[in-house]
Structures are given as C-alpha cells and as structure tokens.
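One structure below.
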Amino acid sequence: MTFIDQLHSFLGDVAAQFGLPEMPLIVTKLVWWLVASVLLFTVALTIGGLFTWVFRRLFAFFGLRKGPNRVGPEGMLQFLADGIKLLTKEDLLPSKADKWTYRLAPYVVVVPFVLAWAPLPWSDVIIFSNLAYGVVFILAVSALPPLGELMAAWGSNNKYSMYGGIRAAALDFSYEIPLVISAASIVLLVGGLDTQGAVMAQQGYWFGFIPKWFVFPQIIGAFIFFVSLLAKTGIIPTDLGESESELISGLTTEYSGMRFGFFFVAMFSGIFFLSALTVTFFFGGWTGPGFLPPLVWFLLKTFGLVFLVFWIWVTLPRFRVDQFLNYAWKTLFPLSILNLVIAVALKVWGVY
Amino acid sequence: MASIPLMGIFKGMATTLKHLGRPKDTYEYPEVKRGVAERWRGRIALRLDRCIGCSMCAQACPNGSCTMTDFEHNPDANKKGTYPQVEVAKCIYCGFCEEVCPVECIHVTREYELARYQRGALYSPVMLDKTENQIRAEEPEMGDP
Amino acid sequence: MGDLEEKSAAEKDVEEPGRAPGAIWTSTAKEKEDPKAKEWPFPAMHYMPAYTDDVDPLKEAFGNDIVSDGDLSGKPVVYIHPDRALDVLSHAKKTLGFEHLSFVSCCDYPKEGILEMHWQLYSYSTGRHLVVKAHLDRDGAKRVASVTPLWTGANWHEREAWDLFGVRFDGHPDLKRIFLPDGWRGHPLLKDYDETEQFIGMDERGEDVVYDTPGPGRW
Amino acid sequence: MQEQVKVAARGTTWTLEGEGRERFMDLNMGPQHPSTHGVLRLKLHLNGEVVERCEPVLGYLHRAKEKIAEKGQWIKFMPITDRMDYIAGIYNNWGYARAMEELHEIEVPERAEYLRVVSGELQRLASHYLFLGTFGLDLGMITPFFYSFGDREKVLGLIEELTGARLTITYFRFGGVKWDAPEGWFDRVESTVDELEAHHKEMWDLLVENDILNMRLRGVGVMTEEEAVSLGCTGPVLRATGKEYDIRKDDPYGVYPRMRFDVPTETTGDCYGRFMVRIREMKESFKIIRQALREMPDGPIIAKGFDGSKIIRTKPPNKESYGRVETPKGELGFWLVSDNSMKPYRVKARGHSFSNLHCLPLLVEGSTIADTVVSLASLDIVLGDIDR
C-alpha cells in the first residue's frame, strides 16, 4: 500500500465522519501534491534564507568582523527581516526592459533549484519523492537555470546584465558536461538511477574502518563534481555572471526587491542542494555510525561541505572567464572521461 | 610563481582559517564608541569669556566657515564687540583657528558626532560655548528630530 | 615566493652599482659605515646654484632661439622662442638625456601681456632638472607646438593647459577639454577669467550643456 | 567597405560592422562603477569581451584646486592639498611644504624632518594597505580587504595620535611640522610596526603565491620601460618595468639621504610586477620607520618665524620653485609662482595618478573587461589627485 493510498483512505475516513461523500483518488493526489510542493518550497527557501545568515556570519568571522547579530538570537532571523525588506521594496521595471522575460526570469532560476530537491534523500525514510530516475531528474532540472539567466540578461536591457548573463550561461553549459559525466560514472557503479540506491551502495566498510564512499575510488570524479558545483552556483572563484567588480552586479544589476531576492535565494539554496548532492554521490549520503540518526549524519556532512564552499568563497580571487572556460573544456572534460574509464574498469574487475 | 600547483591556494586558505578565531576588529558602534586621540580635531568651540575679538581665526580660516559677527557679551575683554561664528557644516577641521588664536579662546573639541538632518548649521558665539549635547537638547531643530 | 624577498635584501647589501654622477646619494654600502657623515643641513639640498652644464650646450645649438636663462630655486631655466619649442625640447631629450617630462603648464601674466609656457624636465641618468620656458602673446593666437611626439605622456598635460589656459598645441592628436565639460565658456586659470557661475546639465542625447542658472530639473 | 547593420535589442543598439563578423559595442564603465575607485569614466569600445579602444574621461571630481589656491594665503592651501590624494594626505602636505621651503629658503629643523619621515612612511603603509585591500576586491578576494583595512586602521590610529586627524591631516607647516610626538608615541609606533610586519607575512602568504592570482596578473597590462618613461609614469608603475627610480634616492629631500633602504623593482612591467613592487615596498617602509625612530634627534620642530599665528603671514620672495616628493603612487610635485605677496600667484600640482592613468589605454587595449579592471586597479589611482 503506497503512501498515497494510505492518505486516501485516511481522508476517506475523515470525510465519512462528517458525512461527506468519498472523494476520487485524483483529489487526494492533488491535495498531497500541493502540500508536498508547498513543504518543499518552504524548506528549500528557508534553508536558502538561513544560509544567507550562516554565510554572512561566517564571512564576517573570517574577516575579523561580527556580522549580523541583532535580529533574533545571534541574528538568526536576519534573513526574515531582509525578506520583509525586499518584499516591501519597490519592484522596479527598467523603462525599455522586455517585460515578460524580465519578470519571469527570477522564477525560471529559482524553481528548478527547488524542484531538484524532490529526489534528494535526507535519510533512509525522509525523501520528498523517491523517483526511480532521480539522478536524471536532478541533472535535467538543474540544467534549466541558464535559461533564466539568459532571460534576465536579455530582459534587463542593460549591457552589464547582458555580459553577466552570457557569461553565466556559458559557464553553466560548459560545466554541465563534466558534471554529467562524473555523475554517470557513479550511476555506472551503482547500477541504478535512483538516489536512494546511490546511498545504499555506499554502506559498509572496507577493512572494517574505511567507509565505502565513492570518493575513494572516484576521487577525480569527486573533484570534478565539486568544481562544477562551484561553477553552477556561481560563487566567488567562479561568480562570472555576477562579478561585481567588473559588471557591477552582472545579470541582477537591474533587479530590485523580491525579484533580486529570488536570485539570491536560488544561489544559497543551490549551494546547499549541490553540497547535499555531492554528499549523496560521494560521501555516503545519510549513512554513518549508528549513534547518530541518519538525518543528522546527512546534515553534518552537508554542512561540512558548505563550510568548505564558503571558505573557498572568502579566500580565493575570481577567475577570468576565458581561463575558467578553458579549464572546463581542456582539463575537466578529459579528466571526467578518464574518471569514467576508471569507473568502467572498477565495474569490470568486479569491485562494485 | 608557486612551484607546486595549488600550494599557494592551500596556504591562503590556511591563513584565512587562522583568522577565523581571532578577536574581532570591529565594534558595535552606537553602543560601543571608539575613543579619539587627545589631539583630535573635532567641532570648533569657543571660550566666550576670553575672546578679545581680534578676528585672527576668521583670517586664518581657509574656506570662510569662520566669520566675525557683532555680539555683546563681555565688553571688558572684547571691546570691539565682535565674536566668531562658525558654519559647522562647512568647516574642514584644519585647526588653523586654534593655532592662530592669541588667547586660547577658539579651540577644537573632541566631539565628532555631528550628523544633521539639515544641511547648514551656523553656530552663533553662544552656541559655540556649549557642548554638542547641550545644543541638541536646547535647540532640537538643529539636531535629530 | 620567499626567495624574492631574501634576494632583494641580500643582493642590495653587497654593493649598489654606481649611481649617476649628478645624484647626491651615492651608495648604500658607504652610508652604512658612517651614517652621520653628512652634516645637517645637507649643503647640496636646497638653494644650490643652477647647473650651467646643461644650459651651455643648448645655447650653442640654438644660439638666437635661447632668449635668456635663469634659476628656478636651484634648477636651470632657459627661455626660448616659442616657435622653436619642439626643436629645443627634442634636443634636450635626445642629446642631453632629459627623458622625464614632469609636466607641461602655464602661468598667466596679464600685466606683461604674456602667457608663460613651462616644461619641467628631469634626467634619469644625471639626476638634473631643466626648466624650459617660452612666452606666448596672451592676446594672440596662443599657439605652440605639441611635444606629444617626444613624450606620449604630454598628451593630457597639454589638454589640461588648453582647458584651463586656452593654449592651442599644434600637432596634438586630440586637443579637447579634459576637466571641464565641452562647451564651457572661458579658461578658468587665466587671471581675467569671468567667474560668474556656469551650470552643467545634460541634454537628451547625453551631451553636456552649459546653463547660466541652475534651473529646475537641469542637474 | 563597412556595412552597418543595426540590431535593436529594445533600445540597446549593437552595431555590426564588416559583414557581420565582428560585433562592436560601446560600454561606459563609470563614472559610477565599483572598480573605478571614484568617479572615473572609461569609454570602452568592445568586440565581444575584448577591449578594442579605451578612452578615460576625467573631470567628474574637478574642484578647481589650483584656482582655489590663488584665493587665500599660502598656508590656506595646505588643508586643501589633503583633499587631492586623499589616501596619502601627508605626502601632499610634504610636496607643498617642500616647494615652499625651496621657494622661501627655509631651514627645516632636523627633528621635524625625522618626524616627517616617520609620519610619511606610516602614511605610505596606509596607502599601500588600501591598495592591497581594494586590489584584492577588484580581483574578487573579499577577505584580504578586511585584513588590510584592519592593519590600516592601526596605522591611521598612530597618525591620529600624532596629528589629530586620520584622513585630512594638515600636519605639515612651512619649515616644520605642527606637533611634536605625544608621550610614548615612538614606543607605540615601534610595537605597531612589529605587529604589522607579522601581519604582512600573512598577507604575503595569502596573496603572493595564490595560483589564481598569478593566473590573473601575470602577463596582464604589460608595459615596457621606454613606454613608461615616455608616458611620464612614476612610482611603482615605473619601477615595475625595471627602472630603478625613486625620488627619495635620486633627488633626495629631508633626511632621506641618511635612510638605508632598497628600492624594489620588478622587470615584468605587468600587473603582477606593480603589485609585487608595492607589497615589497611596505617592508622597506618598516625598515625606514625603525631607523628613523632609532636616530630621532631632539630639537625644535619648526623653523623660527613660521610657527603660531605667523603661519598665515608667510610672504615668500618673488621667485618660482618646483618641489616634488615620492608619494606611494609616484611623483607629486608643486610648482609655485610667487609675486612677493601673501597669496600664491600660481600653484600647479603635478599629480602622480594623472600621469599614471594615462597609460591605461596602452595596457588594456586588446585585453578583456576583466583585465581592464585589474590593470586599472594595479595603477592604484586616486581620483582626487587626477581631477584636482
């Protein structure tokens, strides 16, 4: 009996108590979809918002400052205050902007990042939607934001936005390929396309103490995946779409209010999501010794990776766009092919 | 150039990590105020009883923010009846007026929180004799609303 | 990169290669033995008589064009005929080795009716200064040859002189105002400049427009 | 033959030239742009991301300082010079004071010269710290900005104790300085310099060997020695091309002949060279400060007849002079013309940034927008000095 059937019978019982006729199954499904997607969006955006606070505090500590510490305990509610501020700000539309692309672009950027959360395994039971083709879904959906970036660039009618949008889109397209190939080698090792299966495949230990994480046989793949993560989220060594010292604010130059906030939230929820995905693929997901629940293990690993991302953010300078694109095509792409060959070899030798 | 690739990046990241636990450089401004040096050149003030009306300060002022005005206060010391008045918003805090004053009357104070909602702020000789807080208390339209 | 820092310290301590003969400072090694060797104040610092070594060859080469010479607080000055400015400066740069042009500027003397051009030169090899001056008729055409063929860096200095003094430089690649907006009336550093206020606005095409009054919406 | 096709992207006009193969776009970088360090406008003519032509447009901060100088007494221009290169105010004071001392033939007391050297080198450190911070910021490094500003804050604290101001200092007078050092100031300078040197090592680790930084800077914005000399570049911009020229050594003033320090040079002439010259110059400043503190003599701090209320009565003879100093950014000179009156007849300031910025088109033409920003940052210009 699936979860939907259980919910349907439960709703039927509730309806019967009030003497209402039994609803068709599709209504239950619709209700569940609605509730689940609201939950998904809430979780994704809240984590994105909360991470703005985490980032700002960490960033401040790295820079010998205090950071936001006024709103709520230790400034934790700062993102809510910022959200309220952004919501009440005037939503400016440049006079010669392309109205529809300009207005739609933030949603096109933020929605895929949220949708991609659906097949992410938080623990052995917590997963929004255990799709059989979860990996394909994630890769397909997370390839959409370049479209939104191009829309924002074109719609803003601003030369700086145009440069930023084209840079960001070129970067995302370029890094999609090493990302997909390194994910493909994981799929090969797992032998299935569902994310929960990828985690299951990493349970257990070699020699009793080395966890069977894919990061050990697939170190090159993990590196490629991590670099592509940086490129896709657009944070500082690779924030070529925004590069505030060159392009003012890149593709978000003309945006204000909550539309700007959406880009911002998309970036931070993207950092969390892609870190979580790296953990799922390479660091054993929610698996771990039994003294902590799986969800805690998952969050701990993800936060560790997010800290690494922030640490890189505050330390490194920005690449030049041609250098970084060259790096994608001339270094990472051959490396990812090599990694795929290693995965095939491991499979053939029967290690997995 | 670094001989080993990525070595420089690791070194840099180690440096930033070292700074993570260090004491903070900043302080929370309105509650914690930064002390200023003894010689800090802040707002100009006047010891009204001492002024002899020689107008040296007005002569030394580089941009004419300090001018003389007719005012009766202490006819024994100041026979001309002229005292300096200062357009505080225009003052560039060079301290020349203090330097040339023969009787140590006009001087710079250590007050530096002079933010206004208005643009001009012409301080009369009487106001120059008071502290900034007194002026704000007595003439609210000069200070915060 | 640690080797770089050490190298600079270790290498320089040994011996400084011979400095230019004109430079007062000679070498670090010598200084270290006797740091207080020079009595205060250093005699050669200020108010030393101008070198005539550099003026004499100029006089030989351009006999009649050198009007007179003088002294600018220890730096030799030659007054030249404005038409020969480019030749004299070219000679000074290429033959006498005055490679560095500090600036080109003017000074206005309305009573004498002249506008004095001023080229401040410096020689890296000998460490000497040379000032070249020329008198233009301030009510005339105020034309003088541009030295941009000799020093690329003179470009902006000459634009500044045009902007603030109204001197026209023949042969300048792009002589237009540099600080003030296009369309500004007058050249402000002239002593008889009309100081009534001018206000800058922008027309619909983004060009600068000068107004007499700061009307509403203009700036 | 050039066929021009206009593609209207709703107001953005792109001009296609030469059979549609090359696309050119005009881009205004500035007057208000995060990387122009003030109000500088660069007219860029772009082919894709490649800068075909670059034309700096100046004058957005022009305050007519040379005209202002003619309005008041000689000393009244001293606080105005602070506002020229506003991140190294002491050097503007020094240049003006040096020109005046040559004009009026003033003997500066020895202690005043030592105080000038200490405060000036502190100011040089402050200026270079600002450069390091903003240079990192232009490259996208955010954290070095806070570290270098934290250190700069310590330096400015010392300057504040000595002079009473942090930015617009007005510390120098004709023939000396305004204040003697306060109680215990020299000890504090010494301990702060030790602390700063330790931090400087960390900054070195953080910046100099970073691979991405090397990728971004090496071979970018290259200039040869001949070009730099012809353009009138001075300071670190010139020294990065291999020319060992420092006014403190070659045309010395004050007590610099006694100071033992090296002039760091690089031979590459690229952005990395300019960056390295500055970061190595800071070590020399530590050295100079230590030496000056060791040798600090006693005595008066201002020449007779130029102190107190006499400062506004200076009346130099009917002469001219040109005095120049080596600022953190290059040669700053003042040409003074006196007509034996209380007011200057003409004051001309030869700005370091004004001449250094002129090489920007040479550096950036043919490189990308990102390199334009780096080249501009590596020149370390300050717009208050360019526009005056």
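As written, the chain order gives the labels A, B, C and D, with residue 1 at the start of each chain.
One rule holds for everything that comes next: a contact is a pair of C-beta atoms (placed from the backbone, for glycine too) under 8 Å apart; a residue touches a chain by one contact, two chains touch by 3 or more.
Keep in mind the model is a prediction, meaning the values are calculated, not measured.
Ranked by number of C-beta pairs in contact, the top chain pair is C-D. Chain centre most remote from that of chain C: A (centre = mean of CA atoms).
Distance from each chain's C-alpha mean to the overall C-alpha mean is smallest for D. Rounded to a whole number, the gap between the C-alpha centres of chain C and chain D is 18 angstrom. Computed centre separation for the pair chain A/chain C is 60 angstrom, with centres defined by C-alpha atoms. Note on chain placement: the centre of chain A and the centre of chain D lie 45 Å apart, centres being C-alpha means. Our note on geometry: chain B versus chain C, Cα centroid distance of 38 Å, whole angstroms.
Residues of chain A in contact with at least two other chains: 62-65, 314-316.
Counting partner chains per residue, chain D has residues 143, 146-147, 150, 206, 208-210, 212-213 touching two or more of them. Shown for chain B are the residues that touch two or more other chains, namely 2, 9, 12, 15-16, 19, 25. Interface of chain D with chain A (complex): residues 9-12, 25, 27, 33-35, 49, 136-143, 145-147, 150, 206, 210, 212-213, 215-216, 368-373. Chain contact summary for the complex, chain A toward chain D: residues 59, 62-65, 96-98, 154, 157-160, 162-163, 236-237, 239, 243-248, 314-323.
Residue ranges of chain C in contact with chain D, taken from their complex: 1, 4-5, 8-9, 12, 19-20, 23-25, 28, 31-32, 35-36, 38, 40-42, 45-47, 72-75, 99-103, 105, 107-108, 118, 120, 122, 124, 127, 129, 131, 151-157, 164, 177-181, 188-189.
Interface residues of chain A facing chain B in the complex, by the touch rule stated above, are 61-66, 311-312, 314-316.
Listed in rising order, the residues of chain B touching chain D in the complex are 1-2, 5-9, 11-12, 14-16, 18-19, 25, 36-41, 56, 59-60, 62, 92-96, 99-102, 108.
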